[in-house]
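Worksheet for the structure shown next.
Labels for the chains are A, B, C, D, E, F, G and H, by order of writing; each one numbers its residues from 1.
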Amino acid sequence: MNQQELLKVLEAVQSGDLSPRAAIERMKHLPFEDLGFAKVDHHRALRQGFAEVVFAKGKTPEQVAKIVRAMLEKEDSRHNVLITRADAKTFAAVKRLNGKNGRAAKFHEISGVITIERSQEITGKGAVAIVSAGTSDIPVAEEALLTARMMGNRVEQIYDVGVAGIHRLLEHREKLMSARVVICVAGMEGALPSVVGGLVAAPVIAVPTSVGYGASFGGVAALLGMLNSCASNVTVVNIDNGFGAACVASCINRV
Amino acid sequence: MNQQELLKVLEAVQSGDLSPRAAIERMKHLPFEDLGFAKVDHHRALRQGFAEVVFAKGKTPEQVAKIVRAMLEKEDSRHNVLITRADAKTFAAVKRLNGKNGRAAKFHEISGVITIERSQEITGKGAVAIVSAGTSDIPVAEEALLTARMMGNRVEQIYDVGVAGIHRLLEHREKLMSARVVICVAGMEGALPSVVGGLVAAPVIAVPTSVGYGASFGGVAALLGMLNSCASNVTVVNIDNGFGAACVASCINRV
Amino acid sequence: MNQQELLKVLEAVQSGDLSPRAAIERMKHLPFEDLGFAKVDHHRALRQGFAEVVFAKGKTPEQVAKIVRAMLEKEDSRHNVLITRADAKTFAAVKRLNGKNGRAAKFHEISGVITIERSQEITGKGAVAIVSAGTSDIPVAEEALLTARMMGNRVEQIYDVGVAGIHRLLEHREKLMSARVVICVAGMEGALPSVVGGLVAAPVIAVPTSVGYGASFGGVAALLGMLNSCASNVTVVNIDNGFGAACVASCINRV
Amino acid sequence: MNQQELLKVLEAVQSGDLSPRAAIERMKHLPFEDLGFAKVDHHRALRQGFAEVVFAKGKTPEQVAKIVRAMLEKEDSRHNVLITRADAKTFAAVKRLNGKNGRAAKFHEISGVITIERSQEITGKGAVAIVSAGTSDIPVAEEALLTARMMGNRVEQIYDVGVAGIHRLLEHREKLMSARVVICVAGMEGALPSVVGGLVAAPVIAVPTSVGYGASFGGVAALLGMLNSCASNVTVVNIDNGFGAACVASCINRV
Amino acid sequence: MNQQELLKVLEAVQSGDLSPRAAIERMKHLPFEDLGFAKVDHHRALRQGFAEVVFAKGKTPEQVAKIVRAMLEKEDSRHNVLITRADAKTFAAVKRLNGKNGRAAKFHEISGVITIERSQEITGKGAVAIVSAGTSDIPVAEEALLTARMMGNRVEQIYDVGVAGIHRLLEHREKLMSARVVICVAGMEGALPSVVGGLVAAPVIAVPTSVGYGASFGGVAALLGMLNSCASNVTVVNIDNGFGAACVASCINRV
Amino acid sequence: MNQQELLKVLEAVQSGDLSPRAAIERMKHLPFEDLGFAKVDHHRALRQGFAEVVFAKGKTPEQVAKIVRAMLEKEDSRHNVLITRADAKTFAAVKRLNGKNGRAAKFHEISGVITIERSQEITGKGAVAIVSAGTSDIPVAEEALLTARMMGNRVEQIYDVGVAGIHRLLEHREKLMSARVVICVAGMEGALPSVVGGLVAAPVIAVPTSVGYGASFGGVAALLGMLNSCASNVTVVNIDNGFGAACVASCINRV
Amino acid sequence: MNQQELLKVLEAVQSGDLSPRAAIERMKHLPFEDLGFAKVDHHRALRQGFAEVVFAKGKTPEQVAKIVRAMLEKEDSRHNVLITRADAKTFAAVKRLNGKNGRAAKFHEISGVITIERSQEITGKGAVAIVSAGTSDIPVAEEALLTARMMGNRVEQIYDVGVAGIHRLLEHREKLMSARVVICVAGMEGALPSVVGGLVAAPVIAVPTSVGYGASFGGVAALLGMLNSCASNVTVVNIDNGFGAACVASCINRV
Amino acid sequence: MNQQELLKVLEAVQSGDLSPRAAIERMKHLPFEDLGFAKVDHHRALRQGFAEVVFAKGKTPEQVAKIVRAMLEKEDSRHNVLITRADAKTFAAVKRLNGKNGRAAKFHEISGVITIERSQEITGKGAVAIVSAGTSDIPVAEEALLTARMMGNRVEQIYDVGVAGIHRLLEHREKLMSARVVICVAGMEGALPSVVGGLVAAPVIAVPTSVGYGASFGGVAALLGMLNSCASNVTVVNIDNGFGAACVASCINRV
């Protein structure tokens, strides 16, 4: 029951063709969310506010390309397009598609992210700092960085500052302290967010990575470390979830 | 600031081109670890910016009282005092102490929190909504609520809105959507943050609780559920960590 | 916005005091689920269809008594009242309460269940068989049995038929095969549902119990055994969740 | 000892060739289950009542084909044949086999299911609704759907209704409420069955999927979420066990 | 249908009162295992062959005493009685009971075992060696020792021979090598069975104990160590299951 | 220092060429276990008593062949040779090697076992029954069967007798009851040993297999089920360790 | 068979009273480790080299006192006595005992350690630094500190230097860098050893503590963090094992 | 050094009482973070003190070669170069690179280690014994051995001395006892370090390996065994971390 239909019912009431009680009866049998004024899909709105996103893993290159084309054809949207967990084949499929309208898709191989930048507008209020511990954590850090950028944030990148060489981290203190949100990406013992959390007043979003072997259990050691952080401004997202961390950072950077 | 630069500054002091105090000023703006007066304890500052906090568990009533007295005696601080995971005995000890200067300590039995409110100033920019699933989750929700309040936030309380009765949650949609940060407290399957995350554009901080039995494994089921949330604006803190969730919410509500 | 209010709006439209479009605007700002015809609380309806239930654990005797009184005072309900995970103190509190209207509450000590039977109507279409493996599983089996009974089912009780003495189970084959739903309660290796599932055509609801020690891990061994059952008509509920098993059995016994 | 042999013994008793006590002695040394009237294989009967099933994983295409041929050659059976966890090679082997008797095998690639439909009779009493959360859950949902269909059930398919976009689920409320059994397929946090369980009066069979990464632990997060569901009409089967869920649903839909 | 009843049926056949086919029909409707000659309860027979056992944990002293009285009153049995996981109260209850017929019950406090020895016959063919690692493992070792003794085995006790002092174990080499079965009881890293397994040709039954703290996880470390033993003559029973180990040892010692 | 060397030392003492104290000094510097009377390598002796065994996994075909050649060249040994976890390439390498001395190696593809039978002597005192639950458990069962056979045991094979079709198992009751040791191989819920343990008086060695998916966790569900068996004559070996089970069975069958 | 006995045998050989072969026979029947020159109990020697230790947990006060008396009565030992995991009752029992010979036992309540210092000799070559993260980690740190001291080491105590306030740790850098071994005690995320490991060249022994709640899982989070430390000079002992850490530190400090 | 003290220093410079260089000297001895020239990178220094290390896993051959070239081109370093977790391709890339300056890189295939030895200086004070249990543990043992050697230690190699053949280990007792540090590498039940720890006075560093199957859980069984070692001179590193064990051993061997 969309607004048009509701309007007809109300006009029938106005015209006397339908009694108020009969109108109620008729409305009862329609799904409420079709009333038009009871939309609850704020989530989709929210994401559209940021960027169009496709999670490529588990989809064929053709499926991804098809979804992207639909996104690009929406006349009224100028949002950036972000494709995560993609590979070269998917990029080729997207590239072919894009040739048509001349927009440049870029493949960021290290993180498996494809970006189609249609707007460079910065809508975040401050900087999002992306801090990572070791070189093996960079793929996840890059996913976070590109996501944050596509969602309209200015980002500061602070890589390779593991806690076993604490001075390297301390050298970046000012950059850290000036960020509005900090994303901390670390595998192995996942100690970085605790140290960073102690240095800044901003919220810290910790991303455990599956980097490590043996008792790292695919990122579980880092995850537990972060959940037990002794710094009280740290929250955690799923293992390797650079994308999610950047989404939350974007939320925070807009409030 | 390397030795060469420091030497130049000192030579300028020696030559009278720079006063000692001006030298200190210049040094202040250089990486902290070079300087002596560049205290890195911003974290403590941060927490003090909010409230003085004592974690009572594992401390004797006397130890807690002693720490609180030290806090109260600091002339220049008007911060609220928050004591978490306390019991009646600790409260009695704190109460005796306070009698001296007439400040009223309050014991919130359900959450084991003691508050000494010395300032009612609201410093957070918006409202923090605290949503909880079942009645057994309320102790954790209350810890979050009192923490958020003591830290200068306006809070909105939305309790008993478990996902198996989805309409109860939907009734509060407007309150939810107007919050600047949402804290979601849930045990058992921990599904609430996913549903709430889909309804709001604000960041959602999920707090798993140890409520449940059997395969809830003391909150692990809820924790895993939240880490795997299909809503992309959800982050997670440790099981039963209502305090931590409110700290992060306060950070976000001030940025 | 309840029906009364909606009626007023519609009458205002009828009387010409309000235009159809203005009516829509006004309706937009009201929570949809208050419209009266968009009730989604079928769950509560469902449970009321069976019995009124209170989960006593974590509530004081007084809290339980208060909730029960509210249930009993609802004029139009003749549902049975079921209080699970209760103890003698809670029973005393409930007993005092009931003295007023002379209804007899009963305490089933072995399972910690309190029942107030107000209706003996059998609404389930067939029998629910409740099968348990060892004597230590009986508390959970009893919780299931009493729940099923209070929800209007005829129950068949088959206790102490562990798989290491397979002939004891086989003796009850006919009773088993005539049941419409079977609830299987077992701790330790949790093998009973597989054997029972192979004997009957009815759906089997498996309840792992926390009975055992060492590598039973509080019921995890039984839970995993049941989830991996080689019988294809077996589903599983949480450890020690006799109540839940009986709820599902009641659902099935009514369809 | 089949009926024929028993008959001979009894006839010998009747004729006086064998004393009653000697007859008992002779019967003692024969396996009881050969008596003919003590068959306990109701399980096989049960499955035959539904469909002939082959679990292809771990079998060579030739092995599967051979089993299927045996099934098809049973003169008296008109049951549908269902092959789960199969691939294109297995399908080719089955196809060759079927060419002989002209029956059409179909390969459902997304779920790895091969069906040979020999009967379209609907024997289930109502509809089985199959609800799934994300697009990645569809393979498991399809396995459930095809199994349910081959077992003679009418199915309703409700896909892509994850809890982070709750309105999408609510749009299908009527379809959900009219089902006799609901199968809920979800990975990640596995919250869907709790929300669905709150909306319907029918039993809900929850199927966790191994969809997700990191702390989803191959479906464990979803499994635990479902076992701890706050909706009391939810039971659970093994991770990715769409087949099992449909078996149970068929049982329920026939009782 | 016991033998008497079967006899009557067969006599009716003999007398011509019942046709063989009618006899079959009548037998069909009786539970097969009641036929008398189809007893499958060899397990109970087996245990009776050894000793009468009561698992006291989870039973009241009165319940235990009642079960024991029934055992003692069976005229034809001279089996030893073994009560495991008992305490002083249970012993008192058993003691009162025994006063009546003058049999002496003994309480072995360290292992919580009560024994009533009625026969000292040695029925095992060789010696059962019971080896334990640390002093904290002794309660479990004693449970095994008393069980083995009550079941008619000669036992050799070798205590306090942890692998970190390998010479202490080697001193007992001859005793070890002359045993027909070895039971190895160890907590912490559970390494003892591997070393013992390398020294003897007999089967080694390993019993992990819950001794230890931290990463011993209540005996899991020892359990895993034993399951992964590099000695190929080692099998394992549940954590702290001294009773079970002795049962198996008795089986082996009788074959 | 073997006996010959020791004898020389002692003869030198006897002849007066060496003083007793000097003799002690010389003995001190030799490894004690070489003294001849302090041999502790009974384990090797034990295994040689059965068969020569190579664990091929993780070794190259050439390495395996080299080890086997060494075994075959030992003049005094007529033991069977057993190679476990091998593949076709390893078999080819072994085959080439064997061509030389004409002994026939056989490759048992299903279990990955290579056997070189040099003796068919039966040294076990009774039969070893090998029982398996599902067709997917057969590779592990076969490893056990071939190991038991190569070690000189008569084996009885009872396959495909899962507990969900209990009658299939009961049909083999006599064969089961006449075995001296029973090996039970089962994946999924691992319930088979409990049922078998209830039927026989012999020791039952349970082998969990990694068969299953989802919550079977690679055999952990079956392992836990077996460790918690309610039958008291059950012990357990590692997941998929058919070889180990047969070793223990051989030990038992010889005592 | 000690050296004296062996000497006698050899003298008998020398004198011709015993043939060399007869001598060998006699030696065969004696436990090899009694030969005097084949002592393997270096471990006990090792521990005696440090201190006499009693693990009180699980022992009665009387048992502990008895063991201590035996230690004190050994004429030739002047070792310190260390009793770990003790309580006030045990201390009272030990105190009574000591009254007799006037030696002063001390009870260190915070760590549950009792010390009887009989020697203040420093035998370690350098200092052992004991670093702990939070106030709740102090009991474990104290156990390590007292153990190290009783074993003859100079200790440096650096407490309350958690990584979320990194400057507090850095202030102690010189003390840290001058230590010969560092013991790091930390609960929660267990990040301290990584940071300390990066600051010092000495070996770092990490002790996870069971401090924390929720996802700290009784110290598992800290344990995993430490095992995955990105600093390459870190090793780990069991959760809460301050004693063990100090033992290893003593070993290192003596080499 | 607080502001007051710094001010005084600066005023002394201003007044000419202190030269700028003397001021710097004084500042040097104050907590480093106050100073600029107080580099904290002692960790890098530490590692350089030993060898240059590259962890090749997750890097392309080209990346590794590039890093190695940079190492070799540092004029002032004569350190050995160690590349761990490498393969043949990486070796080829390194080999090409080295051709230029004629230094010989060697590939140790079994452990995946590449070494470039530029110095054979022994800087460790004693021997490092490397003990391993089974042949499958050798790759990890070799990683430890080569690392220890490249870091300037004399190493003793004791392989294939599993605890199930205890005499093989005892044969090496003297070599073991003369080592200054012992590294114990073992998979499966991980019992070796306990036995070795009981034989030596030196610190024992235990390395669990991922060798095993089923309930070894990729090395977890061995890891837990080692953490629970009953020998008090044992510490543990991560699963398969031969490199880390050798780093710690080097630290110890230099103190």
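Observations, loosely collected:
Note that contacts are C-beta pairs under 8 Å (C-beta built on N, C-alpha and C of every residue); 3 or more make two chains touch, one makes a residue touch a chain.
Given the structure is predicted, the values throughout are model-derived calculations rather than measurements.
In summary, the pair chain B and chain H forms a contact in which both copies contribute largely the same residue numbers, shared numbers making up over half of all those used. Greatest Cα centroid separation from chain F: this falls to B. The centroid of the Cα atoms in chain E and the matching centroid in chain F are 26 Å apart. Rounded to whole angstrom, the centroid-to-centroid distance between chain C and chain F, based on C-alpha atoms, equals 51 Å. Inter-chain centre distance (chain C to chain E, centres taken as mean C-alpha positions): 39 Å. For the pair chain A and chain E, the distance between C-alpha centroids works out to 60 Å. Multi-chain contact residues of chain C (touching two or more other chains) are listed as 32-33, 40, 43, 164-166, 170, 173, 197-199, 214-216, 220, 223, 227-228, 231, 238-239.
Screening every pair of chains for touch gives A-B, A-C, A-D, A-G, A-H, B-C, B-D, B-G, B-H, C-D, C-E, C-F, D-E, D-F, E-F, E-G, E-H, F-G, F-H, G-H.
Those residues of chain F whose C-beta lies close enough to touch chain C in the complex are 133-134, 162-166, 170, 187-191, 194-195, 197-199, 212, 214-217, 220-222, 224-231.
Every residue of chain D that touches chain F in the complex is listed here, in rising order: 31-34, 39-41, 43-44, 58-59, 208, 210, 218-220, 223, 238-241.
Those residues of chain G that touch chain B in the complex are listed here as 135-136, 164-168, 170, 213-216.
The residues of chain C lying in touch with chain A in their complex are 3, 6-7, 10-11, 13-14, 16, 19-21, 23-24, 27-28, 32-33, 35-38. Residue ranges of chain G in contact with chain H, taken from their complex: 40, 42-43, 45-47, 49, 125-126, 167, 170-171, 173, 177, 180-181, 197-203, 205, 223, 227-228, 231-239, 243-245, 247-248, 251-253, 255.
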